[in-house]
């Protein structure tokens, strides 16, 4: 059994995490190469993780025969063309979300994937690989909660990271595209349905800077899905308590809540503040094992010749929905899909 | 200090509870008379609570000199005219919600109240008198959570009472008027603002019977309030776990959740089902002390010559909003107030 | 139905609370008289609660024909003789714990009670009247948790009241007699059994002052009960978070925990301290309704000619056990009952 | 950097888990060999994990030059002599608890370890490597909870595994040695102190079979530690809800609780049973990452030439204490260390 040789692209915070995971925690895989434009960062990471091949150029990396697959953690604007180029070079591709920075780009990515049916393509909707979300999904799929009535999902980033969020605002696409996409993916996955209408609102409650991009620091939307399920999504940048990703699925026979308390760990503290649990700080902490599991799934798909459960069409569909939410928000109107 | 002599009208489940409370738990008050069309129920309750005067006719009761105030727990359709008649007879009035079964009726009630400025009128939004809601409101009013971003409130009745809900459906006005009014009242109370837009959806997920009245068994709406606050309300008849009234107020500096677990009491059970808390069964259990507190407030207002915090205009405003939510639901459209 | 006319003795914090409850929240009862040596306190309370008869002398009060029953919230050292005197004067008696300040005194109280079989005597073990403890007890009695294996109970007073606790230390009898008696009562009530052995330890962890009285600021003991049940009790004066009374009963088929989080109310706060619940401040807050319920039970027993579930022998037995725990602690030895 | 070549001994449930972890999740290590007397199990596991060298004989395995270290997950009775033999053969040793089946054996193990100061020896107290226990320990060590007052720790195995526990009873050494050793280790680690006295009780509450070995199915003990800290330990075989390992450390300035609800994951279920969390099933589920972390620490110590935080003396000391608890239980007496 040969190991899947992976070239990892992009060494931002999540990129480094993926590289570390591939180097140390993913079975049947080998971190064969790293690629980044920051030569110092590249050298430091490669040295630390024992990676022999480093590339400043993505094109050079995918030209290498020693690589079977690429993991793209590059800037969002590069995703579509890197996906297409890597597939054209015969490499399996795992790409962080988004698939592209416009629906048109997503469609291009679809074409590239369709042109290479023998290669594995997978998009990084890591929440699907979190043990708690998986456990809940099995229960829903098994009919344990009956018919889904309301799907509610929150994505909240801590206020303490607001400066980074403001700096990134010009390029993020806004809260619906940058944050709510994960909730949209979950809504489709849990309900097995698609949205029919959406109304979206929000505002700059604390940080007027987001207004420059026709965005709010906290936004929400209410969607009616085709199977009748109500879907309420909330995305915010000012969480006072920590990184809060929570989901509730109300069914006719049962209700599931995932992470309604964003607990850091199993420690409970009793002191002058009351009885309390400290919270997860960020996505890397909360989804630590989900990030491992998703890459493992990608590697297993490559190694076993399977297709991942997350397809390129999921990426396009989620983007289309997020853009429609954004449009509803900007126009202040009800939109029918 | 003379006790406030109260005539209580209507001996349904909540009516009996109010009568018991007035007889036994309300200070500065005396349960002086009971009124109901069911003579047997009247006799039994009067005997049990030691009430000497019983009336089959509301008009006769309010003609009595021995009564200072009435508590109306009669069918909704009678509220407006009973309010007007009681005030005209010089009695202070506490009325259960709704103020009337149409906005026009609410306006009539307003006029009746305005015509008797010396009499106390109070509407039964009991949640405002629940200790936990009061505690949360004080924190919000004190600015402890900063600016309100999202107000989310649920009213869920247990599936096990569905037959009663279906039987009552022709007269209930639908989920927005029968259930969500309490959440609408809370939203206005907590945010200090009024709605600007509303989009409402829902369906009959388990019980098609509600469809006959253009209603769903579970419905929700998303409102934008004038101060920018997002408001998401959910009302359902099929709660699998019990009576669930919960509210979350997300602010820029803190978040409050009231009763996110609808615990019956402080007992936690560890058995083959896991670690669990049993749930409140119904509104009488959950709001046991709130029902006492609200009547106490009414009596104190009468005794001390004060005006209650809940005015007749709150009743009208909440009804207007609920009718607008209902219209948005029936039309499937976005409505601007 | 005549109301039970009660004379309430002692206007400390709990005494005032009992007086307020009798005046306003207890059915079939009337607060007929108050007794305290502090004339100003007496006057203020009587005025506020509308009580016409005030006594500086206990003996004079029980000589009054206008009183049916007394509620003793006087200093512990007076309990036994006041119980005897009140019974001798033909009054029903409710006494706060302890029954006496020595086992000999408890035996005297027993004799006084036995000499007046037609009068109601009840001791104030209020926890038995808390809804959550009652709910748990019903489950245990119904066999829902199988055979009791371990009974664990904590009584913790907040550190912020430490000055009062230190001032009271010369007269309190120590933590086992002042605090753990409630847990001992619960242990006997839940297990239906009696202790066979006890080993007790503890120390002055923060406040050496308690050492003067051969006591610790935090103590614990492990008892083996005759039915085999293990009983672990902990009593402490330095709780950092609030007033914490919690109990766990581990059975062979289920486990119950009562108030394992000493939550103040149903509000959950999410802020920079994490996700938290604030805590009860003191016994008056935590056992607010239990204090009402126990007096209601006393009044109902008087009115209906019933005997209370808590007998004088429970008082003696609990005292004997607490003194034995204290002896085990002081001697550092294992004691067999 | 060469990888540490590990030979893993014993393919019971935990042995297989350790082998899988070493093969797939431990960095800087290689699963070089497997050893078990069950040839079929050996073949199956080796094939699945890609291990080329298999041994039916422990002696042959440690004679191999291709192995740097051994991980002992063999029957408890073999630990001491395998530790000694492996060290004598120049191998680093990680051994599951216990160090030996008697204090005399533990002392032999100490001598073997002392005779090879250049080799790493580590004992498997995995709880110290659980993230939540580590987080709590840092807080305690940093003084955040003040002076430790009470250390309480539970080890409960689910009733549903009782048949295996009964079958293993003749060889387990009893609940104190088989279960409470982990809690004893934690007590010493968190308090930094040693026991001075112990009183132990318990019984066969559901399963008389344990009585044959002078043991109970549920036992507990109360210890006074030299620094004054009270320590209460409980070990049981009949947990109705799942695998429950919880710890509470009450300090003068704060209280920490670790895993007071033994939640399976972050999913909360609301259904006819109330609001509930399902529980961990067994130690492999609860301590999944702790088992990885402890072997990683062992490997890092070998690779970096460090000594582990858990020494051979910890193993001896914990055994001595557990045997003393057992003696106190069997004799029904208070024992001073």
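For this structure, a couple of remarks:
Per-chain numbering from 1; labels A, B, C and D assigned in written order.
Heads up, the rule we're going with is that a residue touches a chain if its C-beta (ideal position, glycine included) is under 8 Å from a C-beta of that chain, and two chains touch if they have at least 3 such contacts.
The shown structure was predicted, so the numbers you read here are calculated from the model rather than taken from an experiment.
Annotation of subunit A and subunit B: jointly contacted by C, D, touch as defined at the top. When each chain is reduced to the average of its Cα atoms, C sits farthest from subunit A.
Taking the mean of the C-alpha atoms as each chain's centre, subunit A and subunit D sit 38 Å apart.
Subunit C and subunit D, compared by their mean Cα positions, are separated by 43 Å.
Per-chain Cα centroids separate subunit A from subunit C by 56 Å. Of all residues in subunit B, those that touch two or more other chains are 145, 239-241, 253-255, 260, 263-264, 269-271. Residue ranges on subunit A touching subunit D, taken from their complex, read 1, 23-25, 27, 50, 131-132, 135-136, 139, 145, 253-260, 263-271. Taken together, the subunit A residues at the contact with subunit B in this complex read 145-147, 149-150, 159, 197, 199, 201-203, 205-206, 218, 220-222, 224, 228, 230, 232, 234, 236, 238-241, 250-255, 260, 332-334.
Residues of subunit B touching subunit D in their complex: 239-242, 244, 261-264, 269-279.
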